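Next, two complexes with chain A in common: one pairs it with chain B, the other with chain C.
What follows is the complex of A and B.
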């Protein structure tokens, strides 16, 4: 078989700065691996926002509850694909489930993912929607009736007792779900943070930083979607809800920023062997992505915007605009964060003597087009889900099933 | 259901299940044996548990001829491109100013070298590099399917029939010793020429080294050259702080080498 060596590797040889080990020329984890933690982050963040309603009884956020759950599901369904497409042997991926190597953080992926998808998210959504599914199943004509009947798993009981049980179940699942959401994304952070060979990744803070940035991105996404979907439907935005979500967003960004600042200061102050090459990495390779996009546009500006929206007595219309801007900038910032971790961590040599270059493919399996497709796919899924499972509760059911 | 019935039903359920399991076990064993067979059959009576292999490298003896890297590529069918190596040689030049220049001479072994002004050079030396076959290997730890493993005789190998190509091991190796083989779409690395070693032969790089800068041996055997090498030299390993416990031992290793 003829080797399919990526054609640009030879070209990249000319772009090396300093000395790298010869095998290091290839950047192994491409943009798809940037997309993966970005997607799971959105899942965890959206879920945690949804949990606020059920566990901490934050009534204001109620309008976003179902949307947040469906958002989490849409993104979670797409999350494994960037990983799968990236494997050298996709057909062997099931080995991770069948023969997991227990000392490997990555081997836990299947279990964490399956648990979160089936043990938490689908279950919570089912209990949340069960009553409505039954009602819709009675209201609609076939074939939609069959869809709803099937989705309700042919349950038919919408008595007070049954619905009360559903509510209890949702609450219990949410309580288990919060640590599970932490696990899902903290675990992704651990995959990177536990690599001692790589000083850019190796940090005990990594899972926590991942988690906080996940919460930030998830809340920002739900805020964004809530505004877009409500506006598209020509319905009024619930300002109380928006203010509350935005204030959570603000606190989450503050915590996230503090953690990342702590990580940065800690590295700088400890000034270990790798500090010089990491400084060079930031100034030569990541200045735009890290300093401008991630920190300035992705954190400091949104913080300022959110503060402005809160302190000044701005009118609701301007406030909406400010929230919207902040949410968009934060998405940009978090995507840059993922990029800087995944790609940034592969741009310096483990000899600490040189820097590599990453040239993103455009059309290949691991190229920009695929990445964009994977980023768009959850929105398509969400579009279908929102149509099928509206956020509005079903009206009182007809007494006699039609 | 009485006891007899229960046992009967149990047997109906369990005996086929056990047979299936047994067949799977046999298959798994055969595939392991097959993997070993593909890399050469060991000498009869070879018992992996009796050995613990390592390599010694005497930095001052290396003349930077690059034969080891070339022999390795030929012996192991390593992809020819100048950025896939199972072993390579680095040249270090420490200047009077304290600055250190490093170059991998294996990338372009016959190429022209930049002439160094002798008055500026403090010291210069070559360092052969390869997989350290760490006793506490991070690559083995992170492999999600156990395709990378340590043999009983202490060699870290990749089972290319099992590797899913996630490349986590490549990220976890602190020494840049692994690469992605685009022919097999799996991780690839030095095997200490396991197919030769189990037959009592030396790894190709050791075999061709004209100055015997590389010493291969069995740490379990007091009479091995490697044990003698360890006795006669001050030894260091690469990146000891990472606690990977490398089994490639360097004599006269300069502090500049990473």
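What follows is the complex of A and C.
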């Protein structure tokens, strides 16, 4: 008796190379699972950039501080949705809090997420904006007044002492927040890195590589948003700030590239039994995504662009253009990185003797349209958030921190 | 030092969230929700409540001693009565009015005995289309002591998989006896009288060494070809052209 192959998979059967096990024809982790680490990476990266201002006192980056916080929040709010849509039955998701499975890294996501959202990000944003919320609550007419009053938890005190306390609180939360941001994205890498049956994923470097690429993508995103939003408002770009953010971006890309190169060389030198199929995976299935998009366009070209912008005495307008190009290319590269990890890791057989194919749905629940919607949603949330909580400090301030 | 008012406010919110979480976790949700013992006992209760369908082999023995003894000595000794006859608890309770299932057509036996390349070699397998078409199995075979009605004449009767492989190979025209010697005993008690297999490189060399007669067989220099390996470590004799 021969098992019937579902019609949507017969097409894939023709694209199988070599030998695979019968249950490997279907790729289960779809593009939504690509979007998930991409989104959390942006959160962690944006937060790290924000923390530079508060913890390391990098004054130049101040103009991006609030934007970075709000970016982190809007992407964090969307981050669980790819998982929820992929798993289905969203209404049951709260059960992971009620009956926690302490020995499963995947089942701990709810706690990692809740801690980062409520323990760090919302708290930091609240302390950062509290004084302004109070001021706006006084300035605006209802109903916006009620919104600001409620958001400030009906707080009233904007004395110097109270604002000084807010600043201290923000600093403390940021200090706790850095390891928490590392935890959030390191955790995503940990999940992949600890799957020991999959040689493409199983690497102790995985959490660190994830973290560095997260920082790269987050900084690039904030740079991009800062340039777009400021230009839309017809305000001048702060070139000092741009140069500083771009230099951090440069260092982050260098470290990220070195780590990924180390991982690659290490695998090559170890030459475990999986090395042949992984070489085939890269040369046959992932050549475009990994070699061209991720490494060449997503890393080497932006690196060259950033170096060019720094070493040559180029005028500010050209520099802006170069930074903008680099930021966009880096987003492309990091998204390819996530794709290559998630989809790439499912494209070879556990027998190490064959390669499968992934056919993306277009309109299904796990299709391209859903993924694009999820990638777009944070920008809509950010649009509302930036409108509601402008980056500019409220006027008529009795005290203004330098 | 007096606490700033915003700390009190945020503390109230945090306290509210925490209280709510603790309330839901420890008061609103019944303890049973978290307890594996409750799940376990429920599963046991559910399984115990299912009706018993099987009588068990010893129940059959009480009345059907003759078939029981016959089966215990035959090839089907590893099978329970109810493997073929179906769940018979009802029959054991009330032997006269409830009769168990008895497979009398050609559908049931091929479940195990139809040819399938994955079955172990020597396991009796038939091609259902060509093996006495339309005849019910039990006209020739007694399922309680399933020996072939006559001693098999050809090796293929049991070694169907090998026979099919060889048929496609360059060795198709060689009789099995070219390489194997099987005593008459092997046909009656196949496992206690095993046939012989070639032991040396020289055996294959009778046809394949340079200078031997058979012009169709590929020739190799027996002294140097393949180093110290035995021929069948690289070449599968039943399909020699297959690549290892």
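By our rule, the second predicted complex is superposed on the first by the 385 of 402 C-alpha atoms of A that agree within 3 Å, B and C clash if a C-alpha of one lies under 4 Å from a C-alpha of the other, contacts with A are read in each partner's own complex, and residues count from 1 in each chain.
Just so it is clear, a residue touches a chain if its C-beta (ideal position, glycine included) is under 8 Å from a C-beta of that chain, and two chains touch if they have at least 3 such contacts.
Owing to the predicted nature of the structure, the values given are computational and were not obtained by experimental measurement.
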Combined model on chain A where chain B meets chain C, clash or fit: clash
Which of chain B and chain C A:11 touches, first, second, both or neither: neither
Partner chain in contact with A:123 - chain B first, chain C second, else both or neither: second
Partner chain in contact with A:156 - chain B first, chain C second, else both or neither: second
Chain B versus chain C as contact partner of A:235, first or second or both or neither: neither
Touched partner set for A:22, first chain B, second chain C, both or neither: first
Which superposed partner A:349 touches (first chain B, second chain C, both, neither): first
First, second, both or neither for A:99, with chain B first and chain C second: both
Overlapping segment of chain C (options 5-13, 41-49 or 203-211) - the one that collides with chain B in the superposed model: 41-49
Intersection of chain A interface sets (partners chain B, chain C): 99
Residue ranges of chain C in contact with chain A within the complex: 4-7, 9-10, 12-13, 17, 21, 24-25, 29, 33-34
Sites on chain A touched by chain C in the complex: 97-99, 118, 123, 126-127, 130, 153-157, 161-162, 165-166, 169
Touching residues on chain A, where the partner in the complex is chain B: 1-6, 9-10, 13, 19-26, 28-29, 83, 86-89, 92-93, 95-96, 99-101, 103-107, 109, 191, 194-198, 346, 349-353
Touching residues on chain B, where the partner in the complex is chain A: 79, 81-85, 88, 90, 100-104, 106-107, 129, 138, 141-146, 162-168, 170-186, 242, 258
